[in-house]
Amino acid sequence: MNGMSLTDGQHEKGRAAGHERETIIELRNVDYTYQAGSPFAAAALHDVNLKIQRGTLIGIAGGTGCGKSTLLQLLNGLLLPTGGSVRVLDHTLLPGMKKLRLNALRRRVGLSFQFPEQHLFEDTVEKDLMFGPLNFGFTREEARTKAAEALRSMGLGDELLNRHPLSLSGGQMRKVAIATVLAAGPEVLMLDEPTATLDSAARRELIALLARLCREEGRTILMVTHRIEELLEAADEWVVMNEGRIVFQGDADELVDRTNELREWGLAVPEQLRCWEEWTARLPQLAALPLPRTPEAMARVIAEAVRGSAGAPDAVRVSAPESIHRSAPAPGSESPSEAVNEARSGEWEHDLCATN
Amino acid sequence: MERECTAAVELRGIDFAYEQEQAVLREINLHVDRGEWVAIVGESGCGKSTLVRLLNALLTPQAGQVLLFGEELTVHNAPLLRSRIGMVFQNPDNQFIGESVEEDIAFGLEGLCLERGEMERRIASYAQLLDITSLLHKHPGELSGGQKQRCAVAACLAMEPEIVVFDESTSMQDERSRRELLDMMDHMRRQGKYTIFSVTHDADEMLAADRILALKDGRVRGDRSPAAFFADEALLRDCGITLPFRLKLEQELNLLGIATEDVAGGAARKRKHPSNHATAERGQRT
Amino acid sequence: MRDKLIIGRMIPTGSRVHGLDPRAKITAMLLFTAALILSNGWPQLLVLAALSLIVLLATRVPLKTYLRTLRPMRWLILFVFLFQLLAGAGTEAAAGDGFLWTLGPITLSAAGLSAALLAVMRMVLLIVFTAMLTFTTTPSMLSRGIEGLIKPISRRGTGAERFSLMMRLALRFIPALLEEAQTILKAQAARGADYEEMNLKEKARLLMSLLVPVTVGAFRRAEELTTSLEARGYRIGAPRTSYRQLIWRRADTWFTVLFALLPVGALLVRLTV
């Protein structure tokens, strides 16, 4: 309970007082072995130490079989550690303990699984949304309200409430699946690869929704992904796992220095880092700056650096024809960016000739 | 006779609807040459997967003709023509039939009525190509998703098809496996003996293709080179695709009056085959 | 955690039992079962027990693993034991055998106890021997073995082929479906419905709710699988060659003959004693 009151206090302080945030998740020397003691025993986590602060958006990255999903299941007591201790909010989970009445924890720590179908088993969306709240002891009326709220906070309209869950489109199904978890009002929301199988526009939209849940509603979000790129803009912090161990914890700026290791850990270097690396090689003064997260911000920073070092290296030149394009878009429907695009396709042709 | 015809696939006025439902595909016309790589894109439910299933008669259109290597696909020749098309699907779990990798590859070969010696030869050589030789005796349960998908590709290629369809094959893969698979597809294209169709949401995969066929509500919304495709914002929006970071950055820089080709598309990262327009961007993967 | 169903998975130890032809092992299994049914006395059962112990040791799978396969069956075994104990006592009482003790309507006799122990022994041997078969043979070898045994009996080839494909696919996908069901149970537990904390009625309701998503999942899988089978040129009845030929060696003959002696022996004992 005191955990709850603390939350409210923390909220008002906002993101500025980042370092004073309350640690709500703490793992100490956690091991987990599947089917321990049987001939099929398989270790999934080794000596994991981790601290997570309230109200942050954490990206958890790693290749297949690195232990990401196991980690999430330890945080709401679906699995108990086989070694070490897991503290989440005011619950402590230890090896071999009796797992009774974990609902108090699970209401506050929601987990959305990888495939949306795994959350959808009732015959209407509303019933699926009410399933959690009802189990956690809310009345039918409360559950109904919470269901509608959760749907709205995932950007979906009430008209879906009476639909059959399996009649929804892929993107809607994914959002409804997250809403079924959100309906119970968790303080921590964990998502296992929620963007897999979505197209890029839908992925962006989903991540924007999650970022809003974190920034505006103060929820702690843990999102597992194998594409760092998609979440780099939104995440406060990254946890990278490899072969059951945490090999990195820190923010995007610290990640910049570990580009080479990312490959070894079975991850793609996100394009943001790749582009930044290439530009830093040409404009060394960029290295001192924090990594700009959006293409707009990165372009601005690079432009400033270029202008600052005008007349210097031949690598970068201000190109006159394009400036003309930009300042004088064709009248009518064409937007400036489209004009630039045309210029760009021309550039590709140019590139082609330059190949050697 | 087939040799004279360069078209691997030709679709003429295809309409398709699942029973009693709204049309999924309308008036599709398409001509794909041998050795081309066509990426098929569009929002989910636009008919992409349906389209590729028409190619090997897994589905039959209500109207129009499907021609493979210049020959019209009918009920009678479907089994024969089908053996010239291989498919790799999204979820490797649901295409793994054997109890071990070796047996799974053998499954398709048994259907081709090959001698045991020939099966062994093909299993060995395609396992080597896909780097799964050490996995041949493993149970699918012991493999990672990426390894399973490589096995699926081996099982498909071992049947030595001329057309290979990748139906969202990269979408469930982690980064490492996705890149391995993309490199494999690229290798296949460079060999020149495969015509490749890939249904995808992945920007790298689209950029690697020769052509992008964009579908919207069951119709062809665009059929362009990757460069032209990514330059058309309205088309991208209709296909649910956002501009990849690198392209967006270049666009922004251009807006600010900075040319990027010297820096972003460094010569060292360029591809060997100059047939592609998107050379600079495709270099990202190496 | 829940007891995991470990029966039905091959444990590779590379023993000689692993190398036997699956047809030999399946035949041996059938003969062993026949012998178990025919044996009604301690000497015969002890012979069977001794023989199966030798086979189990030969598999080089730890005995502890075999014992674990009994755990999910423990309630059934207990039930059989009690049932035999009480029912056996009733029938034997008429024969005037020695009573151990009587409590109201419940009577226990030495013969009843013996019968109950025999029943338990039979069950244990059957379970353990089945486990031996699955620990040493991959499911596909099993289905090929069954196919090989059925083929001579069925007149037209496709029956055996259909059956074999069905077996192979079932064996491939039943574990996947169970896993899916387990994930859904976890997803429900995460939303406050923990199966392990429930009473029987709630459990039943929850399991019913699994029916829809698991069936949907099964259909989705089945659809993708048929597509994949078709795309790889599979047609029932179309001519196929076979990659893996089963090879019958001398050891297989000996193994089968050894097990063929068991029911014969048990029958002889039964007829003469």
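The letters A, B and C name the chains in turn, as written, and every chain counts its residues from 1.
Operating definition for what follows: a contact is a pair of C-beta atoms (placed from the backbone, for glycine too) under 8 Å apart; a residue touches a chain by one contact, two chains touch by 3 or more.
Keep in mind that this is a model prediction, so the values were computed, not measured.
Asks: Can you tell me the least number of steps between chain A and chain C, where a step is a move to a chain it touches?
Replies: Minimal hop count between chain A and chain C: 1.
Asks: Between what two chains do the most C-beta pairs come into contact?
Replies: Max contact pairs: A-B.
Asks: Hey, how far is the Cα centre of chain B from the one of chain C, in Å?
Replies: 44
Asks: Give, as an integer number of Å, the spacing between the C-alpha centres of chain B and chain A.
Replies: Measuring from centre to centre gives 29 Å for this pair.
Asks: At least two partner chains per residue is the criterion; list those residues in chain C.
Replies: As it turns out, chain C has no residue touching two or more other chains.
Asks: For chain A, jot down the residues that touch at least 2 other chains.
Replies: In chain A, no residue touches two or more other chains.
Asks: Looking at the complex, which residues from chain A come into contact with chain C?
Replies: 35, 38-40, 73, 76, 78, 99-103, 106-107, 110-111, 113, 115, 117-123, 131-132, 135-136, 166, 180-181, 184
Asks: Which chain C residues qualify as touching chain A in the complex?
Replies: 4, 6, 9, 11, 61-62, 65, 68, 180, 183-184, 186-194, 196-197, 209-210, 212-213, 216-217
Asks: For the complex, give me every residue of chain A touching chain B.
Replies: Residues 63-65, 169-171, 196-202, 204, 226-227, 229, 266-268, 270-272, 274-275, 278-279, 282, 295-296, 298-300, 302-303, 306, 315-319, 322-323, 326, 335-338, 340-345, 347-352, 354-356.
Asks: Tell me, which parts of chain B touch chain C in their complex?
Replies: 53, 56, 58, 79, 82-83, 85-87, 89, 91, 93-100, 102-103, 106-116, 119, 139-141, 155-156, 159
Asks: If we count contacts the way the header does, which residues on chain C are in touch with chain B in the complex?
Replies: Contact set of chain C toward chain B: 10, 138-141, 168-169, 171-172, 175-176, 221, 224-225, 227-235, 238-245.
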